[in-house]
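My questions will all concern the structure given below.
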Amino acid sequence: MKSLLPQFLLSVPVLLAAACNVFGQDVPLSSETEECLGCHRELHPGLVASWEKSRHSRTTPAAALLKEPLDRRVSSDSISQTLRETVVGCYECHSLRPEQHTDSFDHNGYRINVVVSPDDCATCHSTETAQYGKNIMSHAYANLVDNSLYRDMMGAVNNNYHRSGNDLVKGDTDSRTEYESCLYCHGTRVEVKGLEARETDFGELEFPVLEGWPNQGVGRLNPDGSRGACTSCHSRHDFSIEMARQPYTCSECHKGPDVPAYKVYEVSKHGNIFNSAGKDFNLDNVPWTIGRDFTAPTCAACHASLLASPDRTVVAERTHQFNDRLAWRLFGVPYAHPHPVHADLKKVKNTLNLPLAVEMDGTPVAAYVIDKKEQQARNKRMQAVCASCHSTDWVVEHFHRLDNTIARTNALTHEATKIMMDIWESGYARGLPQGDNIFDEESERIWTSIWLFYANSTRFTSAMAGGGDYGVFADGRFQTTEQVYRLNDYLQLHRQLDAKAP
Amino acid sequence: MKSLLPQFLLSVPVLLAAACNVFGQDVPLSSETEECLGCHRELHPGLVASWEKSRHSRTTPAAALLKEPLDRRVSSDSISQTLRETVVGCYECHSLRPEQHTDSFDHNGYRINVVVSPDDCATCHSTETAQYGKNIMSHAYANLVDNSLYRDMMGAVNNNYHRSGNDLVKGDTDSRTEYESCLYCHGTRVEVKGLEARETDFGELEFPVLEGWPNQGVGRLNPDGSRGACTSCHSRHDFSIEMARQPYTCSECHKGPDVPAYKVYEVSKHGNIFNSAGKDFNLDNVPWTIGRDFTAPTCAACHASLLASPDRTVVAERTHQFNDRLAWRLFGVPYAHPHPVHADLKKVKNTLNLPLAVEMDGTPVAAYVIDKKEQQARNKRMQAVCASCHSTDWVVEHFHRLDNTIARTNALTHEATKIMMDIWESGYARGLPQGDNIFDEESERIWTSIWLFYANSTRFTSAMAGGGDYGVFADGRFQTTEQVYRLNDYLQLHRQLDAKAP
Amino acid sequence: MKSLLPQFLLSVPVLLAAACNVFGQDVPLSSETEECLGCHRELHPGLVASWEKSRHSRTTPAAALLKEPLDRRVSSDSISQTLRETVVGCYECHSLRPEQHTDSFDHNGYRINVVVSPDDCATCHSTETAQYGKNIMSHAYANLVDNSLYRDMMGAVNNNYHRSGNDLVKGDTDSRTEYESCLYCHGTRVEVKGLEARETDFGELEFPVLEGWPNQGVGRLNPDGSRGACTSCHSRHDFSIEMARQPYTCSECHKGPDVPAYKVYEVSKHGNIFNSAGKDFNLDNVPWTIGRDFTAPTCAACHASLLASPDRTVVAERTHQFNDRLAWRLFGVPYAHPHPVHADLKKVKNTLNLPLAVEMDGTPVAAYVIDKKEQQARNKRMQAVCASCHSTDWVVEHFHRLDNTIARTNALTHEATKIMMDIWESGYARGLPQGDNIFDEESERIWTSIWLFYANSTRFTSAMAGGGDYGVFADGRFQTTEQVYRLNDYLQLHRQLDAKAP
C-alpha cells in the first residue's frame, strides 16, 4: 500500500497529468480512453479514481514486458502493437473482441462491451486465464445449477413456500433471488435481452439490457461465452494484486459455515500475525518475497502467488488453478474426497446415479477424482511453501493430522447418513428412497448441517493448522456430535410415537 | 488518521503548549478548562489525552466558522462571544445550560454537568442535533420500553425465571440487567437520585448519584430532558468525525443477528475494499471527497456524510437523520415495511391494536409509514451515492432485487406466522389469542428467529449488495426455511401426539 | 510498528550486516548462531526473517539491563557472562539446559533442543516465567485431561461413534484429533519417542521424534518438564511484545462461544476505538503509557501489561498471572465463581465428589476459591486501570452490574440444572444419577449450551462493558432463555409421551 501513498495525496486533475508523465517517463493515454474519461470522470468519480490508482493507469504493456521474467505481471508475449504503447484505460479493455461480445453496443461512435471478461484480460494475462479455466471456480455456475441434487438444495433454500394442509409446498424458482443468493458467489449467466433507450446527462442514449447483471461471481457466464470474472478478486477498477492477496477478498465467499476458511484463518497463528503485523507487509511485490515482503501467509500465499526466497529462488509458482497445491476437496458433498480431475463436473456420477464424486458411504468414485500420485504431487507443492518457515517434522505431522481428520469426519458423516437412511426408510421424511428433495425437511437439515457446516468447519480448521475453536465449540466437533444426537433422537422419538396406540 | 501522526508523537506536556500555539496560531484555552486539566490530567490521563488529540482541543469556534460553508464542521451561526474565542475544552461543554441540567452540581466553585447532551452539542452543531431528533434512533428508549410487545420480549429475554411445576415463571424486571442488555444500545433514562460525598485525592467532594449511568445508547434520556448521546458514535473525548465514519463504530450495535449490517458489510465488496485499502483513506476530510478521500463507502458514506465529487459538486448532503436515504425499514417487526413517518412511534397501532406499523399479514399501516413518493425521494438520494461508482443499470437492478427480497421474505414470514397462529389456536403454546407473552415458549422463539434474525439477515445482504452468505448459509435463507420446517414439525408432532390414546 | 519500518525496507543481507552494527553500535552475533543462520536462512527464509525483525536480533542482554527498571524488558539480574554480550540468536535459546531437555540432540556438532520452553526463557525473563507458573493457563493441560468430567466432554466431542441398534456408541480416544481440537489451545504433552534419520539438503541427519508436536498451547508439557509455551502469545520468531498486546493474539483461543472475549471486545467501545485508531497506537513501548501510547485498552492493557501515566507513575504492574486483576472466573463450569486459589486444580472437589469448584446449586467450594478480601484486592488493581479514563461513578457501577449479572446468570443456570436433573431422574437421558457421561445426549447438550455458551457470553459482555448483543441476541440472554424453554419442552414432551398408552 505504501507505494500508493504519494499518488493518493495528489488531486485528481494533477494525477491525470501525471498519468501522461509519471516519474519523468512518458505514459501515454489513448485518445479513445481520453474521450471516455471526459464524461465518465464527472459521472462516476469514484470509479475513475479507482482506475487512476491502478497500475493499469500508469504502465504500458510495452513497459510491463521489459521486466525480468520473474518480476513480470503480464504473461502474453503477443500483445498487439496498438495496445502496447498506451496505458490500459477504459477503451483498451471495453472494446476488445466485439464480434464475440453479444453485449457490444454503439456508444458515442465506439463499439463498447459492458462486461469485460477473462478472455479479454487474456490479451495480456493469457497464462492466468488458461490456469483459471482449469480452476473448479470457473465452472461454479454450471457445476451448481446443472447438478440435480444441488438444484434441489437451491430450490429448498431460495424458493417461496405456501402451506397446503399440513404441508409446506415449494413455489417457483425466482431468478432475482438466485442472483443474490447462491449465484452471488457462483456467478450468473449474463445474457443480452435487447437494447433500451435511457435519458442521460448527455441526451438520450441506447444501452444493452442484461439479464443476470450486475454480478461478479467466480463462475459467471459472460456474454462473450467465457467463464469467470477476474473482478471477483481483482476488484474494479484498480484490479490490484495487493487486494487479491488480502484475505478480505477471499472472505467475501469463504466465510460462511460451509466454507469457513476466512473465519478459521482469522484466529489461526497465520491470521494473528497478518492482523498484527500485516500493515507493514508489502502485498504488491512480484515475486512475492518470503520474509522480506511478508512473514505470515495470506490465502494467496498458499494457494496462488508466485513466491520466492530473498535470493530469488522460486518457492512456488504462480497459479490461478487454486487447487494446484491442494490434494483434497475438503468441502465434500457429503464427504471430503480427493480433488476432482476436471473443473467441469457435469459427467460426475456415483453408482446410485447421483451427481456426486463419492458413494453414500464415503468411497470416492475413482474415475472422477485425482489419484494418490497426483495428491502427493500437490501436497509436495504446498509443503514447499510451509517449509519456508517450518521444520520438516512440523510439516509432516501437520499433513498426517489433516488426513486423520478427513478420515474421522467422513466416518461420522457416514454414521449420520445411516441414521438419515433409516428416517427415510421409516417414512419419517421423504428423500432418496422416495426420489424426493433431500433438503426440505427438518431432519434432512439436521443431517445436512453435519456435513455441510460442522464437518467442513472441522476440516478447514485442521487444514489451516489453527483456528482451534472452529474445530471444537464454534461449528466444530461439538456441533457435529450434537447434530448426530439430535438426528438419532428424531428417529427414536418418531419410532416411539409410532409404537403408541392411535 | 495521517494528520494525527505528528501530534501523536509529541509528548503530552509539549502537546499542551502546542494547544495554545498550533502552527503559529494562537489557540487559547479558557482559564476554567485550564483549571479542570490541572487535576484531571493526573486523575484521568487517558481521558485527557483523547481530548488532546481531538479537533476540539486545537480549534476555536471562531476559526471553525471562517471556513467555506462546504468545508465547515459547525452549523450554528450564533455561537456566543464567550465560547467563540477559546478551544472547546472541559468547561466549555460541561458547564452549558445548568438550569436545564438536573445533573448540574457544585464542583470546586463551578457548576458542572456530568452528562453532556445533544442539546449542549447543539451550541455549535445545531443542524445535526435537529436532524438527529428526527432520527428514529433518538427515540430508541421509549420506542422500545413503551411498546407493550417489545416490553414482553424484554421480559422474556432479561428477567429471571423459576420453575413452578411444569412451568417456567418469569420473575421481575431487573434494571441493571436492562441497562447492559437492550438499553446498552437503545439508551437508558438517566436520572439524578441525590448527591453523595466521596473521598478523593483532593479531599471530600460531593457528586450527583445518577440512575441509569453510565450509558452511551443512541436514545438515552438525559438529565436535561434531551434525547440521545452524540458520544455513541463520536466517542469521548476525541469526538472525531473519522471514528464516526469507521464501520467499527456502527458495529457496536449493528452486528447481532437481528441487524447484521456490519457482518454483511465486512464480506461485501465494499467492505473488502475498505478492509484492504482503507488504511490509506482520508476519513477526516470535509466534504468527504469521493475517489480522492475514499474509494469504497463505509456506513457513513451511504447514510450520513456530506459527499462531494473532486470538483466540489455535492453528491449527498450531510444528514443525522440516517433514514433520510432509506426507503424501507428492513428490520421489520415482524415484516419489513416503509420507514415510519415519525421517529416517535408511540401512536403506532395496527387493526389488532398491536403497537406495530404492519398488520399480521404484512400489510403496512398507511397512516404510520411513508408513502411511495417519499420512498422514491429517499431512494433517489441514495442512488446519487451509488452512481458515483456504478452505472445506471447496476443501480436500477440493485433496487429491483432489494424490493423483490423484501416482498419474498415478508411472504415467507407470513406463512410462518400462519403456522404460529395454528400453534396458538391449538393451545400448543399461549400467545396472541390468549393475550399472553408471545416470546416465552420454544415454538415462539422458532417463529421469532425467522423474522427477527434470518429474514432480516437476508434483507440486509440484499440491501448492501454483498455479503452473499448472510443471505444463504450464514443466518440467511437456509436458516429461514429450516426454522419454518421446524415450526411446522412442532405443530405436526403435537397434533400427532394429541391423536394418540391417553 | 513504526519502529520496524525502516528496518523492514532493508534487504535481508543488508539487515544482517546491520545486525552486527545497528545505529553505530556494535551488536555481536555468537559464532554458533552465525553457523545456524548459514544453513537455516536458506532453508527457512521466513523463519529467519521473523527473527531478524525481532528485538532479540538487535539487542544484547547486557544492553537490555542498562535501562531504567521501569523501562526494562528483562527481569533476570543474573544472566551469565557468555549470554550477556551477544544478541539473542538461534543458539542462545536452543542450546540451554541440555541436561533437562529430553529433546536435546546432536546437530552438526552442537547439542540442540527442539522445543524452547518457559524455563529456558526464564534465563532473561525469570519474573514473567514465575508469574506465568501461577497462571491457571500454565496448568491448562492437566486441568483439562485429568478432570474426569472434562475428560467425558472431550470424549463426547472428539471420539468417533458407531451405531449399535438405537444407540450411538463412542469409540476410542484419538490423540491426533485431541492435538488439534482441545489441546490446540490447552497444550499437548510433548514427549520424545526416539530418533530418526532424515535425508536433508545437507546429507542424512538425525532428529528426535516428538509425540504431541507441533503445538503452541498455553499449558503445553515440555520435554524439559516445564509447563506452557511463551510462543502462544509471543509468536515465533519475533517474540514481540507488540504482537502479544494485539487483541488478535488472544483471539486465537478466546473467540469461541465458550470464551467469546475477542468477539465482545470487537464490538465494545474499547474495541471500536482500537479498530478505528489503533494503527497509530505505539504497542511496543515499555512502560506502556496511557494516553500517549494508546487511548483504548487491548486485552493486555487490562490483564497483563505494565501501565504508566505520562508522568511515569505506575498505574498497574506487569503480570503474567493474568487473573491477578480478576476477581471472578466467569467461565464457570457450570457456574461462574471466585477465581481458584491455585493454578493447579487437581485437588478440587465438591460435596458430590465431582471435580468442580462449585456445588450443583452454584455455591462455590470455599476451600478452593479466593475469598472476598482477595477478590476486592484484585478488583482494586483492575479499577486503577479503569480510572485512567473513567470517573469513579462509572467504575463503581460497572462492577455492580457485573456482580449482578454473575448472580443472575448463575440463578438461571441453576433452574436449568434442576430441569436436567429431572430429565436424568426420569430416565429420558442417562447422566449424574446413572454415573454416565453427561455430555453425550441431545438434552445434555441443550443444558450444556446454557452455561457453557450463553451464560458465559452474557457474563463476558457484562465484564467488558460493551458488546451489547453478545449479552442479548448473539449468544446472549435470548439464547439462554431459548435453551431453557427447549430443555423444559424436552422434559414435558417425554412426560406426555410416557403418559400415552403403549
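Brief remarks on what is shown
We call the chains A, B and C, going by the order they appear; numbering starts again at 1 in every chain.
FYI, contacts are C-beta pairs under 8 Å (C-beta built on N, C-alpha and C of every residue); 3 or more make two chains touch, one makes a residue touch a chain.
On a predicted model such as this, the values are computed, not experimentally measured, just so you know.
Superposition angle, subunit A onto subunit B, using Cα atoms only: 120 degrees, a multiple of 5 between 0 and 180. Residue numbering at the subunit B/subunit C interface overlaps only partly, since under half of the positions present are found in both copies. Taking each chain's centre as the mean of its C-alpha atoms, subunit B lies 34 Å from subunit C. Each of the following residues of subunit A touches two or more other chains: 279, 497, 500-501.
Those residues of subunit B that touch subunit A in the complex are listed here as 266-269, 271-273, 275-277, 279-280, 290-292, 295, 309-311, 387-394, 397-398, 400-401, 404-405, 408, 411-412, 415, 418-419, 461-462, 466-469, 471-474, 476-478, 481-482, 484-486, 488-489, 491-493, 495-497, 499-501. Within the complex formed with subunit A, the residues of subunit C that make contact are 1, 4-5, 8, 11-13, 42-50, 52-53, 114, 156-158, 160-163, 166, 168, 174, 176-177, 179-182, 184-185, 198, 200, 207, 209-210, 213-214, 216, 235, 238, 242-243, 246, 248-249, 251-253, 255-258, 262, 279, 440-442, 445, 452-453, 497, 500-502.
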